[in-house]
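The two complexes that follow have chain A in common; it is paired with chain B in the first and with chain C in the second.
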Partner chain A sequence: MDAADSARRAQLLASVPSYRLCIGCGACSATCSAGQFTQFNIRRIHTAFNCGQTDTLAEQLDSCMLCGKCMLVCPRGVNLRSLIIRMRQLLAN
Partner chain B sequence: MFSLFVIPFCIGVVLLFAISAMKYVRWIRQFDKRQQVVIRHNIWSWRFLPAIWEAFREGLLHWRITRHHFLLGYMHRSLAFGWFLLIVVGAVQAILACPDGHPFYVAIFFNFFEPRSEHIVAFARSQTYAHVMDALLLYVLSGLTLAAFKKVWSRPLGMRQTTRHNLVDRVAKFCLWCIFPLRLLAEGATSAIYHNGGFLVTSLGSLMNAMGLDNEIFEYHLWVLYSLALGAFFTLMPFTRYMHIFTEVFLIYFRRLGLHDTARKDGYTLFELSACSRCGICIDGCPISNPLGINNIQGVYLLQNIRNKDLWKQSVNIAENCLVCGRCSTDCPVQIDLETIRRQVRSKDKAPIDKASGYQYLKSVHAFNAVGRVGYFGGCMSHLTPGITEAMEAIFRAAGQDYWYMDKERTICCGRPLLQQGFLQQAEELRHRNSELIARSGVTMLITSCPICYQSFTKEYHLNIPVMHHSEYIARMLQEGRIHAERSALRVTYHDPCELGRGCGIYTPPREVIQAAATLVPTRHEQEQSLCCGINLGNTVISNGQQGMIRDRAYQNLTEPKPDMVATACPMCKKALARGGETPVRDIAEIIAAQLTPAQ
Partner chain C sequence: MNKFAIIGTGPAGIEAAATLAAHHNEVDIYEQENAPLGNIRDKAFLFPNFADADEVAGRLLARLDHPLIHLYTDKGIDQLEETPDGGWSVNGNTYSRVLLATGYRTFDAGRKEELGYGIYRGIRSSLEMEQMLREQKITNANGDKPQRIVFLQCVGSRDEKTGNLYCSKLCCVTAVKQAIETRKLLPDAEIFIFYMDLRMWGQHYEELYRQAQQEYGIRFVRGRISEAGGTYDGRVQIKSEDTLMGLPLKITTDLLVLMVGMEPSEGTRRLAGQCHICGDYGFAQSIDPHTDDNRTAHRGLYVAGACKRPMTLTDAIADGRSAAVVMLAEG
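Entry: the complex of A and B
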């Protein structure tokens, strides 16, 4: 994980503070609309982003439909849609 | 008939018309190409007739504001209509008094010139005119008094929050507020010397004489100040909220011609931005304002920020923090399409992150042959509320309806959540996929349980089959006697989902459905005034806790009459409200399904 990655992570935490509440339970991935068609797994994406493994993340994130199901099931109230949009913005820059 | 003091007024008038005309021409040239075609096509139609009536009703009488709150409407009307009549009656008075013509400013400063100019002749009923002019001035002053009162205490005028105006608006308002008292004083001083004018100014004149004022000196200065206030106000007008006075008339006309906001900001949007009077009516109903107490994102501030190019960056932040609950657009007396304008600002159209290529995986979904059946689209959210989809299947079976549950296993989102966040191309891709599936399946009608999907299918898709929300469908099945429900003893309150009620205007069918199976109990905030459940997908900014605060307010309203059950017609509202407390929350489909009885 290099400096750019940690800077990006810090930015994400700043704009989506609820991100730090995630306990990795995977409920979001289990219900995900996109996940029913593909390998898309929002919890794995969190982990990869945290570790700076961002090579294919942008592409993976593109399959989210922003339907909001994940947010409704998250027991910790993580603002997942905001997280996804923000990650996409950060990875595009 | 000339005096130096009229110069500020004349300069103001010339600047006002020149600058406004320049702006209007520039905006008209920025109309979207398709809008220009619509204008050319409709310009010579009869549509200008209702537009004239509406412009009179809204621009001068402020009908919609009066319906919102009587006293507030009176305040706006007395200023607008009162001033308008002062100008019109003043012009008639000047024409009658000067048979051989007069410069235009004479009508405005009539009481000054009347005793001095030999061109002005006595005319029939001239004294009646003077009284009428005084009555009108009094009418305007009464509105002004209310406006000043509102500044100190706005509650009695139906406003909890009033708009925070910027500096130039405040200066212009100061000039406007000076105009009428100065006119009264100037006319009073003239009357003190020449004893002209109606009941109001003659009384003031006598008072001034009684006070022993040196009116000869005062008088001219007062007319100078009056002219300066007018001139300053007119010069500032095109740069302030008061531009709405003329712009609203144009907007009404364009709307009647068939124009509307499009995905991108164009000339029509520019007219809307300036037609906003910054009345602040859009603030109080906004759930972000009450209960969250955030008072800088409402329609009035969004438009103000977009209008000022330097504040564009802020307008993006403002636009993001909105639930798209539609309350502000419903309340707005100018009927500005705030939702579409927000979407224009949120648009990520030119950004690299809005690309549709991510959905290749949806190509694997194949249509089912369902020719002749109705299609049922649960929507993403209904998958989290299996009670609703099961109830719908039970209702289809009871009605003997052949149906295809098109997203039973896997859902392709309708695309509206993406659209609301400004991902236009991605939303388009999802619409394309769903449209293709629907068309290939051969269904004769589409029924959905989710108001978000319903709004999307009816407004953003171009399907050539009818689309129904399940509330409409169940109401129809009950009406046609295809299903029967037994009334229970339950007392039920109903929550209008934003997307279904304000979004699509569906208020009656869900209520009919409830009444077939239970007793419907009214609440304080119903229909257009209904409160958002808080989870609405429109907002990505507020926290879970803030969503909870918004939900609590809605829940409290719904449970105030102590019902046995809260009903709604949206899977998301159901989820949200169920977290509010102990009272059970059910979808109308579940309520009916529980009471289904075989046909007698």
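Entry: the complex of A and C
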């Protein structure tokens, strides 16, 4: 954790404050359209981002179709679509 | 002499009535159903000690058997209002003190459409599971013995989508209790509990959880079920993620049991609303949850039990007694 990149995390939370409420329940990844056919796991990705482990995330996020199904089941009302778009932006910089 | 009215004959209402009567007060207690007791009638065994629910219910009922207690069943409350002289009128009868003990109802699982309740017969609510446990007969959609049973926590609680952000407090330990009871009836079945967090806050709850793991072989999976649907042969397919493994999973089961949360009952909503003592989510509100938890913003109107918030039977009984003491002290 000492080595983690917390600046990007702060930027992510600033633009998608609902992500603060995530409890890592895995409903998003369970229901995810892309995850049905590939190894793509949105919960693992946002958890890794949150912990500053961002190495291969940009590439992984390419599998997301932004369909928004994950948002429909999230019990904490996390705005996942915005979260994904913002993660992509931050990873591109 | 004061005349007291109690609305609701669950554990809180009964205990309050018995306490008031023991102090030589006349009490009228109203029940909208045709029999007293409320939700406890649906239970088979009580956590954490597997007490026979009927036996406990019988003991509660015996508390009503007192010459100063007058029980009115089939008496819904049409009218509840303050009288000009500071008393209360309930269905046209006047009282000096009224206690609201109108309790809770369980969440309607059909509101979580993605979980398939009411559509597929292999998907049951924890209420229906309790009924099967009362009958000591657990069956799947085809009427056969299930080989695999999955319990899902937090249905209608801790969920933005249903508007109920709160934890219902009892369903975690209820699932563990039901899973153990299920194991006793089905020694060879596979039994899973899918959870987001396990809240074993009460005395002996954590021990029950340990027992479920150690003696009864219940398997705990840390993940929320996002969807469930029927298969062609009457089973249920579930999507979840084992978040500790980091792997999405599909599991097919004979029975999916949805642990439904607690919401204010219709009566609670209506009467609390009418008297302007509505708190969060339609529950009734006391003056202060720490130090003044039975009086309300209105003189002479009191609240007790699960009409205020999710509460165990044990706590509801204690709260009913506490309300009676406060009512007596206020003279």
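Going forward, the second predicted complex is superposed on the first by the 89 of 93 C-alpha atoms of A that agree within 3 Å, B and C clash if a C-alpha of one lies under 4 Å from a C-alpha of the other, contacts with A are read in each partner's own complex, and residues count from 1 in each chain.
Basically, contacts are C-beta pairs under 8 Å (C-beta built on N, C-alpha and C of every residue); 3 or more make two chains touch, one makes a residue touch a chain.
None of the values given here were measured: they were computed from a predicted structure.
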| item | value |
| --- | --- |
| Partner chain in contact with A:4 - chain B first, chain C second, else both or neither | neither |
| Per-residue contact with chain A, leading partner among chain C and chain B | B |
| Touching partner for A:51 - first (chain B), second (chain C), both, neither | neither |
| Partner chain(s) touched by A:77 [first = chain B, second = chain C, both, neither] | both |
| First (chain B), second (chain C), both or neither touched by A:31 | both |
| Touched partner set for A:14, first chain B, second chain C, both or neither | neither |
| Chain B versus chain C as contact partner of A:23, first or second or both or neither | second |
| Residues of chain A at both interfaces, chain B in one complex, chain C in the other | 31, 36, 72-73, 77 |
| Parts of chain B lying in touch with chain A, wherever the complex brings them together | 351-353, 355, 357-359, 361-362, 364-365, 380-381, 383-384, 409-413, 415, 417-418, 421, 423, 426, 430, 535, 537, 540-541, 543-545, 572, 575 |
| Residues of chain A defined as touching chain C within the complex | 23-32, 35-36, 41, 43-44, 72-77 |
| Residues of chain A touching chain B in the complex | 17-18, 31, 33-34, 36-38, 59, 61-69, 72-73, 77, 79, 81-82, 85, 88-89, 92 |
| Chain C - residues contacting chain A, complex | 114, 154, 158-161, 196-197, 222-227, 239-243, 246-249 |
